[in-house]
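Okay, handing you the structure first.
Each chain carries a letter (A, B, C and D) given by its place in the written order, and its residues are counted from 1.
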């Protein structure tokens, strides 16, 4: 506690898009309560802090740090370690920090391929000398350095100890506010906090629990990409052949995407009891593919199944859109895989 | 460890056909590559893709899923579900750069000890040719922080 | 429908009527045949058994040309030997890597190449029976061949071997039977329909060939066939040109005309006989063709009880096309 | 995973026992080394190696260690669990532990017997033992599941297998529902004239049994009926049967047969008559039919087709004809089911070069069987298709459609014997006729069968060893005119042989029923590659299926002769009787279960169960496993996208622990922080 006696709040972005910060602000007038309760100790998005300010804090000075963004480079990791050291409670906030999210999709390719795409083969880039950013560059004034770009994107808990995880890309404002209320309750009224390591601000079971669409037995002949089909407004999207990750995704968002006819993207990560969201999704929908029959010739059977499976354009990118860093294999084999 | 590479294969064998095929291969004293480490499951339909991924993650060079022939599954069609999952998993693993030979699906009935033994031999040869996978060290071990990429690209 | 067309040597000379009638019915059926340019001999039936590599190179050159000229990916040959050689080459080059490497070298020397499986080699009978279909054939019939008793003769090469994927039963083919039935002809259940005509045995062991020919002629005569319809220049030549020799050797008196099925199709389609190559056969088809009547014969009753009260019922026949 | 949260690993005390199996294991695997190594595992309290673990002394080792060292988990590394899992589970139980707290490592069949490389075998044994140790600490105590058995039984198919099973059970005091698709029971055996090798009159030995079935109060006979649906599980099946309208009021019909006699419409009898004889539109397949009521075949009935006739109604003395009769749907409950649905004869028209269907005097074996039967169309006279001419020569072609890669690869088992029987019957009926049997191999295994063959060898039958290439009427030589010529290679003489005959009999093989696949689905069991019903074990459980409470008997399981069929009918009945007298069964607890409170109701699992063991609760919006129906395959467990289905004894945690255990030596050194924690 500092001069004004208020607990210290920090929010930091590592490899992220900034959506998490917007989502925090989307708790509307409740942000005033946050301001009332907390003292902002570090929040680069809304206030000017320097790293040296944080470094100057005593260890554990920050009461709660909402860390969003994945660990893409050495700077992200250094900041994670610094904030871990300075925070009593470190929260992996949002899908990037929790499980890699969109940045970790680059684990489906290689560092080399990423650089080639970004610096050479990008339609908006003109780089005839094929210049790449360097970790260290000598200039007249001395040495300039850039962070190391990691080969593999990691989640926050893969570099430091994390107390809580709030899933979502971004986490839904009502859930954020609910979490903040618990924290405020703990800090101001001594109410208990959830056990360390918990996933908070979300449900425990799969999204279908919250989804109001009518669910029947599933027999799917093939899959459709969203542009190929006009979904029935009341029926389960998966049954209609639209890939909906809801079956293998943690509830908590209120099934926002399916309610407007878009298959769940899976941003809340796997429900309790599932280790690898993509593998489970894969297993479930392959199981209910209603093609091929045990009395068929093996060749015909394989061909039919292959045909149906090929209606899924990009299984890795689809099933692991948010959870690549937290998946069992975490990345593609070096130098191989789809670009 | 010497330079000689002996692949490690995890085998998920169904209780009714392929596990018995392996039993029969033994009973008939058919000698085959000792590289298979069998794990018994009741049906190839029990094989969760997470098992396959975890096997690769935990150091296996290859995974063999073996079940009854289509139409002969002791649970009617669990093997068809295994085939559907395998087909989708194979497509996904391809995106991971994992060679097709590393994860294979085999049909071996309880009387096909020779089929199972031959498949293990063939797979062992395939994997010897491909070299070790060693996901933990070789794929995840390099975090790319040690050097910047200019010389690589 | 468009097909690459490989006529083969026979259709230029002795089987000219086959070529002419094929082209004539193609027009009626809306088939476009694009002849492979600069084609060469297929090696006939012997060469492949004597010198494998040159024989395969010889026949594969035609495949390479057909593939390159891109008339169509379907290559059709009316001659049974040509068809089988082309099909065999395509099939075995795909299976035998060693052979393929040698043939690749040979083709490369001529600036050509061929990827096995890139052409679909078909016999003329297959495209008419399967691609065109019996319905369409029947639709074209303007002058049905009523009361003409025809023995459908496939010979040994077209339906076999089944291993390469035959469009008809290798032991008991029925596609030609069905075509002829649609033309209105009375088709006899010709037991020797897929047996050998003697092939080149006429040149090596005439006695053997004559015996094989005798069997065919006798059987057709026993079934009171007015003519034998064939789809192979070798079969036609042997049965037609050696019929006198058979008669002389065995003291028989067969006068069975041997025609191409395409000629009969043309006739039924209402095309003039002289535009279908009739007249070039040695045993004249004229007396047989004069038997064609305008009225349909009464259909034979198959399944009901026979004429006599004592007859036992017959098993039903398999479904026919 | 719930069982993950328990994290029991640290507290468990595991005992590991490595079996030498004489030199079977110890000759290749260094058992001492494996045991010493295993003891280093922090969970392992004691690791021993012993000569024969399955001996009583070996089992006592386990029992004593449990009591003295307080072991909580047992691992035995020895042979296949299919050999001794039960033995060691019982030893574990005698030691005072739940039997499922045991795991087996198969280091013999999968280890020492599979390689000569001692070092590799030892290292593989370590991996397998480690897998078992890592797995067993996550085992949970399980109890077998008791299920009550309804004492009634459904038998499908009224051939000799079904008749035998029905009588066995009914005479033992149990109620049986016998469902038959045709109008009468009797099946194939009723079509046959004589049975080999004894030449008993088939009808004479069959019809008394049929009568017994008809008169037994414990048998509800449902003919002209088909099973429409089967719900439930062992002990508690709910059956729906459609009893098709036969347009005859059973209560009124006296089976006098006048309607049949006066019916003006003659129809070829394709079923019982094998297509070689006629029946009426209202008919009984044969006079001894049970039940004796006729069936009206609406498709061929003049009244149903034209609206005029009604002769049968006019002549019936008891007004039993009822044109308005409708199908009846009957439901009842049974505890067990026996399928005895029989076989189809191979259709010889599939081999066109044999001429069946084209050449009048080529007969199928069933046609000949009917012809030679005294109650058949020719009153037992062997004649050509013209119905009068006696053949002077007959060829009998074995293996038609059997032992043939183009058709059925298997041997149909009965054709050699019935072909010999045909030869004998020809000799008996037409002593001057020549008989040629064309065979590939003569297969006569059975009591008195080989002797019957020898008898035929002395009766003057010509045996020609060679597969027939063709049967044709195209004569080639004098003497062949007007004959059927059988072309075959005589492999004993090494010559091509043309045999002109007057008549050919094609000994067609046995095939699975054309609708066996549908029937197997209805009863939720499997078919094998050839389409026959799959038995649970080819040697040790030949009449059981993978579905508990469903048994099979007779040729529906594979080609069989009458003695084998009768034996199976009896065997299936005794299996059922055993269950009925037990009253309840204990089922393996390897079952799936859904943690309802965590189920999101996504319904992915609903269509996956081949046994329909998963139901959806429309009120709670959760899926639920009906434990008694579940067979424990685990397909739904692998599919459940939220991981809320537990497969007992094959849980996610157990399999994952075993997996990591067997990979102990190749686990990578580089672990991420998360994994270390």
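Please note the rule applied: a contact is a pair of C-beta atoms (placed from the backbone, for glycine too) under 8 Å apart; a residue touches a chain by one contact, two chains touch by 3 or more.
The shown structure was predicted, so the numbers you read here are calculated from the model rather than taken from an experiment.
Ranked by distance of CA centroids from chain D, the top chain is A. In whole angstrom, the spacing between the mean C-alpha positions of chain B and chain D is 32. Averaged C-alpha coordinates put the centre of chain A at 53 Å from the centre of chain D. Mean C-alpha positions place chain A and chain C at a centre distance of 68 Å.
Shared contact sites, meaning residues of chain D that touch two or more other chains, fall at 526-527, 608, 635, 638-639, 672. The residues of chain C never reach two or more other chains; the list is empty.
Looking at chain B, one finds that residues 48-50, 54, 69, 71, 73, 76-77, 81, 85, 135, 140 touch two or more other chains. In summary, the structure contains touching chain pairs A-B, A-D, B-D, C-D. Residues of chain C that touch chain D in their complex: 169, 171-172, 189, 191-192, 215, 218-219, 222, 306, 308-318. Considering their complex, residues 1-2, 517, 526-527, 598-604, 606-608, 616, 621, 635, 638-644, 672-674, 677 of chain D touch chain A. Considering their complex, residues 6, 8, 10, 19-20, 22-27, 29-34, 36-43, 45-51, 54-55, 58-60, 69, 71-78, 81, 85, 117, 134-137, 140-141 of chain B touch chain D.
Taken in their complex, chain B has these residues touching chain A: 48-50, 53-54, 56-57, 69-71, 73, 76-77, 79-81, 83-85, 87-89, 91-92, 94-98, 107, 133, 135, 138-140, 142-146, 148-150, 152-153.
Contact residues on chain A toward chain D in their complex (touch as defined above): 154-155, 157-161, 204-209, 215-219, 236, 238, 246-248, 251, 270-274, 280-281, 283-285, 287-288, 290, 294-295, 330.
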